[in-house]
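In the part that follows, the structures are each spelled out as structure tokens.
Below are two complexes that have subunit A in common, paired first with subunit B and then with subunit C.
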Partner chain A sequence: MTDWTRRQIGGLIGGALLAVAAPHIVRGQGRAKIVVIGGGIGGATVARYLGDMKSIDVTLVEPNSNHVTCFFSNLYLAGLRSLASLTFGLETLAEGYGITIIRDSAVAIDPVGRAVELRGGTKLSYDRLVVAPGVAFKFGEIEGYDEAAAKIMPHAWIAGPQSELLRRQLESMEDGGVFVIAAPPNPFRCPPAPYERASLVACYFKQFKPRSKILILDAKDKFSGQELFQDAWSRHYPGMIEWLPSQFTGAIKAVDVAARSVVTEGETFRAAVANIIPAQKAGLIGEKAGLIDASGWCPVDPVTFESTLQPGIHVVGDSIIGGDMPKSAFSANSQAKACAFAIAASLTGSPQFPPHLFNSCYTFLAPDDAFTNALTFAPEGGRIKTVKMFISKVGESAEVRRRTAHHAVGWYSAFTADVFGGGS
Partner chain B sequence: MTTPIPRVMVPGSVRKNEVFTVKAIIQHQMETGLRTDSAGKTIPRKIINQFVCRYGGLEVFRTDLHEAVSANPFLEFQLLATENGRLEFSWREDGGATYSLFHDILVT
Partner chain C sequence: MKRERVAAIVSRAKGLAAEIRWLLGLSLSAILLFPEGSAPADISQGAQIAATCASCHEPTGGGQAIPPIAALDEQAIVKAMLAFRASESPSLVMHAVALSLSDDELAATARYLADRANAGRQP
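And then the complex of A and B:
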């Protein structure tokens, strides 16, 4: 089932986009100008699929020269994967798909004049704008946790330097230390990932620092894949991982950076290494452009991914209110394809079809033990709703889990090739 | 298979005749005995079936737990502070193992 979903999305949707849209494009006034803000998973995918079309001129704005994928970054933290193997440049998109890449940040959007202003001063006009800035953190919600504190107690929730910092801290931690993970409230980027992180760091500890412990202080009372994780923790890392729900601790109130401690309502926990994953909201440009609502996220039309607040601007990826779709790379990629299709259809006057949306995630419990889920979604009553769902079960054989871990590695290379171009 | 980890949260000191809150949690799978493994064999029941709290040697709170209770059972209850003393907590598992903790409370 997972294989089916994976191939379906790369092959069919990409194919459908070209087959339906390309032949119909007739434009008197030159090429349509599309600007994409954010060269992460959602933005790169939109750019790539629109860049395939000759009649569309695509400009991608991204401040970083490389993208380090969050997915598989927990393997890096456990010493099982290099950061270089998770790093992708945008050159292939530029060279292979004729996309103009601008290394800068968008600082303002003028929805009426249809222009984007960049930090460097450049102004870009657009016919359609796609915004895919990922998540931003609600610093300040945990007292004492701000950008400076994150240099000592990393979040490592945007992969790159933060991941390297956390890895260094874990490496230099003495055996017998407590690694505290503060898990965020819903909704947040990649619901199973804090617990995947606990699993893989436990795998590292088991081998190199066997007396160490992991303490998860959760802002929630339950979490995604809980049964699967707890089964795995007792099988692979008995006695090493402790999970405390918010109802027990009374939730995280503050951090004391100097003491490396995490303060909950009831008790203060000292950490040898602390990983604070704060509450999240849509990427900051969303706020400036009037794309967010009171929830802190961007409401969109589930067929076209056009903002319901600002016409002509589409939003995809973690920043949106995705209904039943989780904030995942797979979701961002699937939404991006639907969005590219919708933009192409509207520019050509072709009919708009409701998109088929997918998510499939692989989650590692140990290097040779992974679980998976696969879901399909469709718009219904203005919302994205789950249509079908598959999830691994507790009690699957070791062989099934080994195969899933193997599939995950294959998925990673196929998926990143789909997003950043090249390969497959 | 599991290695249960018990933990309690109790204030360090309380005023005399004040009601205080005790929170208790144990990391435990609460295996119901109703599931089968990948070979189709039933996984035997293994749950925490009883929790007891003593205050100064006196039993002040007891509860039986059953299969329907979720993994990592969490309990919250209140006690009246009478005098300095030891709070003892114990969780009893199917098969007879018990997991215990104590906490000395200062009554001012």
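And then the complex of A and C:
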């Protein structure tokens, strides 16, 4: 009887130990080590939420000391917001969440040895790796448009110096000039943003350069929120914005930087200022790590955001593909939380709940006129599928739109605090 | 009879000792999992869904345009969410969120948020 009791109790204690101490057994020693590559919205959110769990050792690798948000950067281009107000440091993640921040870039990933090599020579071992590289540009697709050309015809699609360059060009443009926006093919970061940019720059022109025009040369024949944008353009900026779909122009084939012209299949357009937003693909570290498939993007499991190509490596944010979620900051934030909880559940042997994936974007048509959408998603058949979608409607009252613009500003404040731990 | 009573007392004492050892074992395992006095990770369903709330609602409860939720009690959260579920007005964003949650998920989230508020912590 005594022996039986001892075995039973021993088994109970052993079982309890095994169940709750599983992370230590899995990784061998110390706290579980998670390395996150990329301190943008997706990477910072993963780091922050894993850091919040205390029992996990999180290292965030990011070459830049600050992050400038792409969302709201069109307000900066229109002179409605400072770039400083869109700039966030990573220090709160370090101080408030105990995350180790390394200012460096990853140059190689060893998925078998579970190690990351940094440009500065450091090697980091990991139990789980999260990669959030954002987007890179397909510079070869428009003839004459490369990184050097982007210093004259900015893309301003990664906020920061490119945004400042475009703002300077718009400020120095003479009244009566044509601002050309080359809108990219799908899929690309933030689907409504080229058209929000046109709206807000039109707002700036209306006040300071009222004879100027905006020409959108699109690689597509339709775009996100089209009805809402075209309604707003006719209400706020009549005759100022012209949108030419691909079926009319044959899309952009080349740029001539010296002549500041944009060449489509049938016509050449001269621009006082040209904003060329190239076709996009997953960020470059994805290529080095073997995370990218033939689509140019990273396929992932829609529950855990673990790469379907490289086990043990998770990918979140704009660089993933495999479902209906748009490439937006909100999507990246939502995916990052799902990924962080999935990693924690896996390490502790806790139950895995199906993630509630969500996206909501606020889009400005004018400073006091904004629309919003809200989409819910769920994993289904290995992909992320839209469950419900709601969007503002044409014909809403000015008061509703004003309130939405007000909500947008409140959302920005809360969202950036959620991602970066508060404070700019 | 006397011998039987003694045997019962011994047996109870052994049981008590076993329970103490078992409880000690649990305490030991908790120390092993969460070293350095750190808090355990809350990865409950409520915590996971509530993380979505923090994408729009200020963690300090100071939001002006988007109302704070940090200090709401469980019933107030459930009542508000059921109203959002019923109509796209006044917020299509909250309508979408409310529709995405089952009654059980909503209850778990409200309980989590209210517990956090009671504990003086942020969602």
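Observations
FYI, the second predicted complex is superposed on the first by the 393 of 424 C-alpha atoms of A that agree within 3 Å, B and C clash if a C-alpha of one lies under 4 Å from a C-alpha of the other, contacts with A are read in each partner's own complex, and residues count from 1 in each chain.
To be clear about the criterion, a residue touches a chain if its C-beta (ideal position, glycine included) is under 8 Å from a C-beta of that chain, and two chains touch if they have at least 3 such contacts.
Quick caveat: nothing in here was measured; it's all calculated off a predicted structure.
Looking at the shared chain after the overlay, A:348 reaches subunit C, while subunit B stays out of its contact range. After overlaying the two complexes on the shared chain, residue contacts for A:407 are found with subunit C alone; subunit B is out of touch. When both complexes are overlaid on chain A, the residue A:96 reaches neither subunit B nor subunit C. Once the two complexes are overlaid on the shared chain, A:394 sits against subunit B while remaining clear of subunit C. More residues of subunit A lie in contact with C than with the other chain of the pair subunit B and subunit C.
Contacts of A:49 after superposition on the shared chain: subunit C is touched, whereas subunit B is not.
By the touch criterion stated above, A:375 is placed in contact with subunit C alone, subunit B being left untouched. Of the two partner chains placed by the overlay, only subunit C lies in contact with A:356; subunit B stays clear of it. Within the superposed three-chain model, A:244 lies in touch with subunit B and out of touch with subunit C [touch as defined at top].
Considering their complex, residues 2, 5, 9, 12-13, 16-17, 19-21, 23-24, 31, 49, 52-56, 330, 333-334, 337-338, 341, 344-345, 348, 350, 353, 355-356, 358, 360, 372-376, 387-392, 406-411, 413-415, 417-418, 422 of subunit A touch subunit C.
Partner subunit B is touched in their complex by these residues of subunit A: 226-227, 230-231, 234-235, 238-239, 241-245, 247-249, 266-267, 394-398, 400. In the complex of the two chains, the subunit C residues touching subunit A come out as 14, 18, 21-22, 25-26, 28-30, 32-35, 38-43, 45, 47-49, 51-52, 54-60, 63-66, 88, 92-93, 95-97, 99-101, 105.
Within the complex formed with subunit A, the residues of subunit B that make contact are 1-3, 5, 7, 9, 23, 25, 27, 29, 35-39, 43, 71-72, 74, 76.
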